[in-house]
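Each of the next two complexes has subunit A plus one other chain: subunit B in the first, subunit C in the second.
After this line comes the complex of A and B, so read on.
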């Protein structure tokens, strides 16, 4: 049995029972962050804050939302938007944050790719991050169903039909997922459950894993330099704070992190108050109608690139290409055969590969929004084939890379 | 000890998975509501009328004399004959991912807005991505009535010959 003494202060009382000083040291004051980083290293904290905004605004929306096919549309567009004081605020925060969170996720992802932050012991950070991307995608999709407008219904119809897997004709599986022949009450209630309980729990768990995966390899730096964190920490603690290559996570690094978060929040609330329209599709302001497809169906902007990979092909090939696009990023640490964990700018052909991939995904995104006709179909097809070729070529490009 | 514990826990895990799977199944009330009766004598010629069966749109097109005259063997195999009228009867969902294609009378074709697939007046696919023509719902002919959701001999023949899934 542990030995407890009479506490001299509240802090001492807690310290004896929870070891808060040790926790603080391990998690904050002696968790070392390299000095050689830039504002892109703050995206993780920006994401954490955005997730917190989604969680809080979601809790308030949850108090008035009705997961019922008859009432859902009106509970969102009438009750929350007009009856509830400041209901519009929670909805706009929720909608804008759901869109912006993907922008930051993509920046965070491409920062990782550019600086090689998925290599040399950082593979689990990359994998847990990609799992978070999948979980956030599922969260976005299930949430999109809830207002039960035309886009909700038809997105639900089209996406659940993907599970029939083309010529495998797994219609039974699709009906099982929906709980009906078409998206209806059972579908809405179970997607509501997924959106407010199961997937958020998974996301919170994965965020824990993502942070834990970071603790041992530490964050990367701008030059991909391998830092001896123990030696640098010793130097710092011995008083040579200027000569050491690291700083404390808190409060030193956090103060810089939160400055970037501050700029982000100015931009974010500008969108919430003055420019929220982009996050609320006008078509979704028509109540769901199973007998009328909207003239032009497209997903939210953050899914457009993978949607465009599905679209130009016949159904089976399209599904294979789509499946490829969904999983291929996860395999990046193994498809990149080069031992160099340095920025793309110093990696020769990989630098070109990186910028071409980014440009290709922007082209796919633009084409995904346009109607599937004429020249747009052709550009989309070329960009989709380009995406697949880029990933197939990656191992060969990186295999012959010279050691930096 | 570990094996015994594992076996008991395993049985429990399988049991709960079965319960979870069954809980997600369509409810009996959903399955029971899966029948619709159509009176085929009321449809005008050459117009696409949309009916509803199991929440899905059903296209009914009473073919014009010109359409009947130019039917190929494949198109005849999809033909639903009630009395002396010929119909294109189909689930009005694109066989690609389930959007509802719109009928363009001038072209006698259906165009899907989602991914650009096209179907002709007989329900055959004329432009990918859809992998096959419109699916035909299970139907049973009863005088001038058609019952959707029940498989009659005419439907069974279409299914056996691979005209529909």
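After this line comes the complex of A and C, so read on.
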């Protein structure tokens, strides 16, 4: 057993038992971050804050929400939106944050791709990040069911039905997921459970893994520079803070993070109060009606690109393409054959690949929402084929990349 | 090295706005039919040619016009001949009380609905006299004098007894123009009136049964039960509701919903009442929003200053 002495202060008392000074040093003041980073490196903190907003607003909503097909819509739109003081505020924060979190995730992801932050020991950061993307997607989808509006019901119907399409024909699996032949009480209750317990637990665990994965390979920097963290840390601690290539996590990195968070929150709250329509779809303010299919069923904007990869093909090929789109990002560290972990701007053809991929996904996103008719179908088909070709071409493009 | 952050910010913002524009304003302009408002001008209806005489109009409304055979005019001592359920059994829908019709409905519309209901209501596709499909409201064929003068007199009478247009409340406008077909449950409104608070469950259930009976007649008359409009302000939005009220056929050709002929002011009040039901906290949202924005800006300024202070020694 360790040796304990009479504590001289509360801090000392805690220190003897929890080693708080060591924890502080390891986690904050001597957790070294490169200095040559831009505001895109703050997206992790922006995501953490957005997740906190989702968690807190979700807890408040949970106190009044009723997971019952007869009462769910009313509990959201009457009880929470009208009766409960500031219930509308929690709902708007929750709904808008659920949409904005994906915008930041995509920015975070594309930052990683642009700067090659999935290479040379950073593979686990990328994989845990993609697992977080999957978990957040599941969280968003299950949460979307809860108000039990028209779009909840029909999105639940269409998406679970994917497994019964074409030659997959897994009707039994669809029934098992729904707990019924159609989305009904069993479906709502289990999606409620997934949304408020199981998936949030998975997300919190994965966030821990994502942070842990950063520790050994360290955070990447915007110049693709290989930094000797030990040497630079010594320089910093010796007093040459201006000359050192690294900074402390707290308060150096944190202060920059919080500055970005500050500007982000202005944008976020503007959306919450004055421009929330994009996140709280009007169609979902009609109560679920199994006998009345909405004229247009579309997923939320962040799922549109993968939805559009499913849509323009015949059923079986569409399913294959959809499956491909779901897993391909995870494989990026191995599909990129280049030894260079530098910004895309210095990687020749890869630079073109990056911008074409981004543009292609924006086109897919737009076509995923537009009705699949006429020119939109054609553009959607070309963009979907383009997406697949880009990924198939990636190993060949990067194989012969010159070492920089 | 050169600071690339402004350029990066421009790129991030530009792609974000482009995506937003594509999936929101642009996609919705393709997905939904756009109907332009005509400011409730009812240009297809003839303006009143004659100046009406309210006293003569009263005689016609109460007498030869036979309006009060079906319509109550509570304000002028004319109660309803039957309750809402019985009226719906006879006419399909409970005919409106005419006390404030002169202020809620457009004068041109009132004049046209008196002589040709199916035309004014834009339900000629459903009620074609030539095919023997009579609208439940019998047209007024004249009392022997100048028809135009008689109609103008009747409209003048209705306007003379109504509250001033400025005194029409959002609730009155909704209940009179919409509420006999559309429940507004979040405001406790049923098609037969505001549901009272009952002491005994038995009485509450008896009331509910009356509502259900009314809805049965209404469903038979309209083809389907007109929807509860509690959340329509959020599911349809102001522009859609306004243009739909103005001319339902422009949005949904062949719909059984009649043009109700409200004035621009009354339509505005109907929408306000719907906003009270489905977007009750909109004023609070605007005022809290302003304060939160001020807070967020102050927070960002302090965060910026903190960063500058911390980074002073790092450059």
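Rule of thumb we're sticking to: the second predicted complex is superposed on the first by the 403 of 404 C-alpha atoms of A that agree within 3 Å, B and C clash if a C-alpha of one lies under 4 Å from a C-alpha of the other, contacts with A are read in each partner's own complex, and residues count from 1 in each chain.
Convention: contacts are C-beta pairs under 8 Å (C-beta built on N, C-alpha and C of every residue); 3 or more make two chains touch, one makes a residue touch a chain.
Fair warning: this is a prediction, and the values are worked out from it, not measured in the lab.
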| item | value |
| --- | --- |
| Which of subunit B and subunit C A:396 touches, first, second, both or neither | neither |
| A:38 touches, of subunit B and subunit C: first, second, both or neither? | second |
| First, second, both or neither for A:251, with subunit B first and subunit C second | second |
| First, second, both or neither for A:377, with subunit B first and subunit C second | first |
| Partner, of subunit C and subunit B, that touches more residues belonging to subunit A | C |
| Partner chain in contact with A:334 - subunit B first, subunit C second, else both or neither | neither |
| First, second, both or neither for A:296, with subunit B first and subunit C second | both |
| Residues of subunit A contacting subunit B in one complex and subunit C in the other | 295-296, 371 |
| Of all residues in subunit B, those that touch subunit A in their complex | 21, 24-27, 30, 34, 50, 52, 54-57, 95-102, 112-116, 128-131, 165 |
| Complex interface listing, subunit A residues touching subunit C | 35-36, 38-40, 77-78, 81-82, 86, 88-89, 92, 103, 107, 222-223, 241-242, 247, 251-252, 255-256, 258-259, 261-263, 265-266, 269-270, 272-274, 277-278, 280, 282-287, 295-296, 301, 304, 358, 362, 365-366, 369-371 |
| Interface residues, subunit A side, partner subunit B - complex | 154, 157-158, 161-162, 166-167, 169, 175-182, 184, 186, 190, 290-297, 311, 313-316, 318, 371-373, 377 |
| Interfacial residue positions of subunit C with respect to subunit A in the complex | 1, 4-5, 8-9, 12, 15-16, 18-20, 22-24, 26-27, 30-31, 186, 230-232, 234-237, 278, 280-281, 284-286, 288-289, 292-293, 296-297, 299-304, 306-307, 309-311, 313-315 |
